[in-house]
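Read through the structures below before going on.
Same chain, two partners: chain A is paired with chain B first, then with chain C.
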Partner chain A sequence: MLKINNVVLRYGGIIALKGVSLEVNKGEIVALIGANGAGKSSVLKSIMALEKISSGEVYLDNVLLTGLSTDKIVNMGLCLVPEGRRIFTRMSVHENLLMGAFLRKDKQGIQDDIDKVLTLFPRLKERLVQKAGTLSGGEQQMLAIARGMMSRPKYLFLDEPSLGLAPVLVDEIFKIIKEINESGTSLLIVEQNAVKTLKLANRGYVVETGNVTLSGTSEELLSSEHVRAAYLGGH
Partner chain B sequence: MGAVYALIALGYTMVYGILELINFAHGEIFMMGSFFGLLFWWILEMTGLSKVIPIPLAIFLMFVFSMIATAFLGALLEFIAYRPLRSVTNRLIPLISALGASIFLQNFAMLTFGSTNRVYPAIFPDFGWNLFHARISLIQIFIFVTCILMMIGLTLLVHKTKLGRSMRAVSQDYVTASLMGIRVNRIITITFMIGSSLAAAAGVMYGMYYGVAKFDMGYLAGLKAFTAAVLGGIGNIPGAMLGGFCLGIIESFGAGYISSEYKDMFAFLMLLFILLLRPSGLLGQQVPDKV
Partner chain C sequence: MMDIRFRRRVKAAARRWNNMDMRLKWGILLVIACVYPFLASSQYYVHIMNLAFIYIVLSLGLNIVCGLAGLLDLGFIAFYAVGAYTYAILSIKLGLSFWEILPIACVTTALFGLLVGSAAFRLRGDYFAIVTMGYGEIIRILANNLTFLTNGPIGIIGIPRPNAFGFKFEDPSQYYFLALAFVALAIFLTYRFQASRIGRALEAIREDEIAAVSMGVNLKNFKLISFIIGAMLGGSIGVFFASYATFVSPESFSFMESVMVLAMVVIGGMGTIEGPVIGALILVLLPEALRSVSDYRMLIFGALMVFMMIVMPKGFMGWIKPRRILRTAEEENPLVNRDF
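And now, the complex of A and B:
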């Protein structure tokens, strides 16, 4: 289980997280929703130690992660697919996938997993030797997710995986997220697309200006008046 | 000498590719590399080994000693002068630190090795061939071949190995590289070490060619190599190689047809022109792989 306890994060004078606590249980899909600037990405960055938190702790199966460097946290089975894709544009698609498997030594396993993600994302298979920067936005997003899977994470964090994608592609990505979860990976997903995400997720948290203001099962959140008014836009 | 400039230019370009920092102390790293080679020769002489071991082996060992020692010096430089400033957003501050490190190294060399020319051993056999109207000596061929081999080695390292792939990843996006599990600081240290050892090799060759090493030799050579790096498009590895060769050719033509007195000036005139006309360099941003 991943447990975030009372995390406070400051960017200079701005307090981005004012004591956030949340959990992701093994095998779950958890949604993190909230308005722009609420602090969703900051939660993920705090877990991965991309930003140094002022107080609070992050635990993985009761082991304290706070204070470890990002590479050690990755090594413990956590993986973040960051906001805005952040693929290595001047590397080929194949090299990007290999980067995802950077910490792994099992050559055969890596090759098997490349084959696996390529069947999941056939568009990438056709473009394996192409420079990643020349992919379309949607293809880049697929590559970012595929690269994230290459480390075989226990916990995968996706920051706005459907950003800028056509509706058909969004459905495709959500289907793949479900498959990733079924193969044993626990997920924490940040999304603007609140309805779709909550429908996919087991549970969810609502973040508002650095605080978790609401949490519950997806059904509870989907039927909550507050959530409906603020994020579901009357759907 | 173009090949030697290219070798030094690679160090500027690799560090810039990763940190967006112009390591102004790189010329001094080159100078220290030259002195480390010389130091090793002195050790051989003092122990009497210089008469025992064959010359090619002695030369080879000079390179190895100097490259290893300078690699550690480069790592130390990064650790002391740049790492503490990594999180500073003002880009001027690491630059000032670089200048400080450069002045420190020059003075250190002056105090340790003296302020006059130190004679490099003339251990290289003085062969030569006349080709058309120019004389090509064995040492020139040796320098050229060695430089080319090192550049091929570097290119293979950067493109064909896992280490090279992580260097490219760090240079493209170090935050995301850390998310892949790469130890970014370690890659930065290794980059400094590789760049410094190439400069060290250049320093030894420079010493052998001109027969001397001096505490301020890094200034001019460093500036010329920097010109070569800018000429090729800073941050761009093939660009630095190309820039070095171009600079060498322009310099020798300039010296031959105009005046050798002004030889050193051509490099700076060129730097001025590139910065005015084509700041992104010959290969600019079009060539994809920088480290």
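And now, the complex of A and C:
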């Protein structure tokens, strides 16, 4: 279980997270929804130690992660697929996938996992030797997720996986996310697309100006008056 | 202006060359390089090529820092200086031989790279570049003022020449093959390094630091590795330089030298291996070729450099690279989104 306890994050004088607590259980898909600038991405960055938190703790199966460097955290089975894809544009698709497995030493296992993610994302298979920068937006997002899978994470964090994608592609990506979860990876998804994400997720948290204001199962959130008014467009 | 048909022909030939098998390509170059001193009409031409070889190794070293890891280092010549002074001091004061000092110099420059690197990597981008400029100058000023060790601005003279199996290196053509060995080894090592896991991590850092960290790349450690490897290449050729010139003084390690090496990397094509080699050859040989127009030499040289950057903004290697339809925006214009 991944547990975030009372995390406070400051950017200079601005307080981005004012004591956020949340949990992701094994095998779950958890949605983190909220408006722009609410602090959703900051939660993910705090977990991965990409930002140094002022107080609070992050635990993975009761082991304290706070204070460890990002590479150690990746090594413990956490992986972030950052917002805006951030693939290595001048490297080939294959090299991008190898970078995803950067901390792993088992050559055979890496090759097996490449085959595995390529069956999950058949579009990438056709483009394996192509430079990643030449892929379409949707393919780049697929590559970013595939690259994240390459570290064999127990917990995978997706930051806005549907950002800037055509609706058809969003459906395809969400379908694959479901498959990833069914193969045993727990997921924490930050999204603006609240309805789709909550329908996919088991549970959800609503983040507003650096606080978790609401949490519950997806059904509860989808039927909550507050969530409907603020994030689901009122219908 | 250049005739368009001529330009096309140059490009086509260059592309054909570029698509050739790597080993064949370097093999041909090696054969040409081996024959060169026997065809050269005077020792002077061999001497110029020796200088070019020194700069090839230097730009290959800087290319690891600049081209591969994407860090702008403006003080690279300091490593060359440390290598050269290590040889000068140890050979004169302790009487050690060239082959004994070479590994020692590699270690001293590596340590020096570690020292300045760990301080400089607290900063990023332009600020990092300014710090590197600073340590480049610090080394030169230390060499100027630590008179008891470096003999100050007068420099160290009478540095012993290297020996190998009872053979003493004396004139440029004897040094030539030693320099060529340095170049061949540097090219080989750079290839191996670039293809390694560390090389890939450095490229990832260049492409996107945040993504690289998210994959578990420890930024600071890997940037330091690039710095140290580059420093060792620079330091080892510094040893060669001191033994070749038999004289070192702070003047040889000015800021302009760092800029020249950087210009070689940029003009040749950053991040490639042929690029720095071509860049070094152009920037060393071109001023020599222009000697006939003596007074206007540097003027023409400068104009040609500006012209090259206009025609080939991605360096020579970028210019001859096949223009595929599927090219990214960043590839078209390397200045976009490139955070040094």
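One rule holds for everything that comes next: the second predicted complex is superposed on the first by the 234 of 235 C-alpha atoms of A that agree within 3 Å, B and C clash if a C-alpha of one lies under 4 Å from a C-alpha of the other, contacts with A are read in each partner's own complex, and residues count from 1 in each chain.
Throughout what follows, a residue touches a chain if its C-beta (ideal position, glycine included) is under 8 Å from a C-beta of that chain, and two chains touch if they have at least 3 such contacts.
These numbers were taken from a predicted model, which means no experiment stands behind them.
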| item | value |
| --- | --- |
| Superposed partners chain B and chain C on chain A - clash or fit | clash |
| Which superposed partner A:Phe88 touches (first chain B, second chain C, both, neither) | both |
| Touching partner for A:Leu103 - first (chain B), second (chain C), both, neither | both |
| Contacts of A:Met48 with chain B and chain C, given as first, second, both or neither | both |
| Partner chain in contact with A:Lys3 - chain B first, chain C second, else both or neither | neither |
| Contacts of A:Arg228 with chain B and chain C, given as first, second, both or neither | neither |
| Contacts of A:Ser151 with chain B and chain C, given as first, second, both or neither | both |
| Partner chain in contact with A:Lys18 - chain B first, chain C second, else both or neither | neither |
| Contacts of A:Thr70 with chain B and chain C, given as first, second, both or neither | both |
| Overlap of the chain B and chain C footprints on chain A, listed as residue numbers | 48, 50, 69-71, 74-75, 79-80, 82, 86-91, 95, 98-100, 102-103, 131, 133, 147, 151 |
| In the complex, chain B residues that touch chain A | 162, 165-166, 168-169, 172-173, 175-184, 288-290 |
| Contacting residues of chain A [partner chain C, same complex] | 48, 50, 69-71, 74-75, 79-82, 86-91, 95, 98-100, 102-103, 130-131, 133-134, 147, 151 |
| Chain C residues touching chain A - in the complex, by the definition given at the top | 197, 200-201, 203-204, 207-208, 210-218, 326-331 |
| Chain A residues touching chain B - in the complex, by the definition given at the top | 48, 50, 69-71, 74-75, 79-80, 82, 86-91, 95, 98-100, 102-103, 131, 133, 147, 151 |
